[in-house]
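Note that the chains take the letters A, B and C in the order they are written out, and that residue 1 is the start of every chain.
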Amino acid sequence: MSEFFHQYFDFHIMGAHFSEVLEGFFKNLLLFAIVVVLALVWGLVLALIRQLPGKKLMPLRGLTIAYIDVLRAIPLLIIILLISGGVPYLEFIPKDIRIPNWFGQPDPFWFGVLALTLVYGAYMAEVYRAGIEAVQSGQMEAARSLGMSHSQAMRHVIVPQAVTKIPAPMLNEMISLLKDTTLVSVVALGESVLVGREVLAETFNSSAVMLAGLMFLVITLPAARLVDKLIARNQSKIARGSHIEVG
Amino acid sequence: MISKSRLTAFAAVLLVGVVSVVAAGCGSSSDDTGSTGASGGGEVLTVGSDIPYPPFEQGKSGSYTGFDIDLMEAIAGKIGRTAEFQDTSFETIFRDVAQGKFDAVISAATITPEREKAVAFSNPYYLSEQAVLVKEGSDIKSLEDLSGTTVGVQQGTTGQELAKEEADASEVRPYPEGPDAVNALKAGTVEAVIIDAPVAANAVEKSGGIEIAEKVPTEEEYGIALAQDETELLDEINQGLKEVQEDGTYTKIYEKWFKLEPPKAIFSASEAAE
Amino acid sequence: MSEAMVRLEKINKRFGALEVLKGVDLEVAKGEVVCILGPSGSGKSTLLRCVNLLEPPEQGEIFLEGHDICRGPGSGTGEQSWELDFVRQRVGMVFQQFNLFPHKTVMENVTLAPRQVLGKSKAECEEKAKALLERVGLADKLDQYPERLSGGQQQRVAIARALAMEPHVMLFDEVTSALDPELVKEVLDTMRELAAEGMTMLVVTHELGFAREVGDQIVFMDGGVIVEQGKPTDVLDNPREERTKKFLGLVLER
């Protein structure tokens, strides 16, 4: 047993490399912070396109559904490899954009931002969709019967209600996203897991990788508790709601 | 979904780790052969290798090829064993062989004093050079030209040390596998790659558009790694290596993979070490 | 003869294989209150929803104040925006399940559409909303959220919300069916006042008393067609058709 602890929980190694790993972890957090904003917006755009009415927009809806399905069906790792390996070849894009080096972050960082946004946009679009579909159809009918356009009804009536129904699943996606920022290490972004593995290659000891894991725990465990609380709150809300309906 | 499956995989690895540690701790007799995947008999020699790393190791599971693979099979043949290869990660490869996950490791691994603390190495079977790999027509002609550039390397390799310590690169990007670094070079996200010369030569031959700017002798010697207490097996392997070199098999394998005659020094290196 | 407020000609509507409306003709004069009765599945609610194109009919013509709202290319699809705008700004609707916006206060429920659709100022809309809510007896509930109101109060807010768009015609789709019996009267009273003020109304209802008292015309539907129509005294007291008699018998037994 002691060998196991030495291999994964050598506090001396953890202490010696703490600041490096933490610096890497800040990179995970920065990546997360940027992607979460972009993916929330992109996911909403996708979900709204998917809800557009009319026969004329069928191709656009079909394209959106295909996008959402395909991006959720391909391993994120492959998307990251594809984008970081492929985008630089697109020579019609100016070099500063195709090999981005902005705000002091190297191109693997921005490729990670793009890949995670594209994929998590698709996941979040599905969460939004569940929220939109959970809004009673009478709400859209009421809004439309008052003369509101589809987009006015979406904006003022449907979406504000939809977002109150999805904080728990959305937070789950965010937890997954934070963890998945580590995958960008495959294109040599110096985030916490890569730093931990560097230490492993140097010391033949996994404690620095474990340390990265512990840093994630500090954030994700309370978040998971919060998800449970939100679910419980939502259920009591539903219970109250049905009581009103009956009473 | 992705993260869930990763979590499961992680849990499985953790569980296997815990179970094996517990099993090792509880077992009263320490099993010398300690091979996984091989059941009974002294026939099978389990060999760990980080595949792909062409031309040393490449190919698909069950039909791996490459310089290391052919050489190991030849050596195993000399000592009456059958080599069975397991793909693994280079980062953990020495720890795993030390813990008995494999009988031996052949993975283009340089013999270093640091690694020798963890494992025992055979006599050197290969003398290595590093190469600075660049895009065709690049301004980078030597290690010195790397000042201020972004350099790709494979994580945990000699090339990474060289890039950090010898070349004054502005950024060193450690990729999990060598081909990833070469891909990044071709895509233009790194300006040069420092990697083992045969790997570089192979990449130049296979992919085009890239060239070797400079070869850097490192006086590195590759060895086969074993657990430190496997002294008997170590002797056998050294003997096998010697026989393979003497009967010309080594030269044949070398020429097959590197299109070059082996350096004379390698024969004396393995002699001298005895 | 003056143009009818609403005129339906040979309206057909199907949901897949199911033909819900089979050639319905109906004329509603300005200021008239038409009460539509019928067993469930008779197509009466669908007819109402055809009038404001929530369920655009497959065939037939709908004239609103003389305009054919199903005319032009794509006739019957109900997708042309000019038709929708024209119809929905003239036709208000109140639903069985109220369908108030739960995330908005009473005041916001009433002012949302006029502000967004008609582009009126907030002050103007709120002034109007106050007057309307006072009229339905809810002047003290302006800042409440719908879930704090009783069903009857919610339905009166829904009426005020529809009236805020200054409709020329009001559609009521079984607006008292989801209410507890003691709350029905307050909603019907509001509708009575509205009728007395001269609002043109199409009312799908099971309230025979209300239909008899307020209705100018009674329409009895069954199986997707109008079986019988006429003055309340004729249809309700001396029905000619067997199906009408049977239905009235069942309703009165309740």
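In this text, a residue touches a chain if its C-beta (ideal position, glycine included) is under 8 Å from a C-beta of that chain, and two chains touch if they have at least 3 such contacts.
Since the model is a prediction, treat every value here as computed from it, not as a measurement.
With chains as nodes and touching pairs as edges, the resulting graph is an open line.
Using CA-based centroids throughout, the chain positioned farthest away from subunit C is B. Centroid to centroid, with C-alpha atoms defining each point, subunit A and subunit C lie 45 Å apart.
With each centre defined as the average position of its C-alpha atoms, the distance from subunit A to subunit B rounds to 36 Å.
One simple way to say how far apart two chains are is to compare their mean CA positions; for subunit B and subunit C this gives 80 Å. Across the complex, subunit A is touched by residues 52, 54, 77, 79, 81, 84-85, 88-89, 91-93, 95, 97, 99-103, 112-113, 116-118, 147, 158, 161-162, 165 of subunit C. Considering their complex, residues 1, 3-4, 7-8, 72, 75-77, 84-86, 88-89, 99, 106-108, 176, 179-180, 183, 185-188, 194, 197-198, 200-202, 204, 206 of subunit A touch subunit B.
Touching subunit A in their complex are the following residues of subunit B: 1-4, 6-7, 17-18, 21-22, 24-25, 90-92, 94-95, 118, 150, 152, 155-156, 171, 173-176, 180-181, 183-184, 187-189.
Residues 54-56, 136, 138-139, 141-149, 152, 156-157, 160-161, 164, 241, 244 of subunit A are the ones touching subunit C in the complex.
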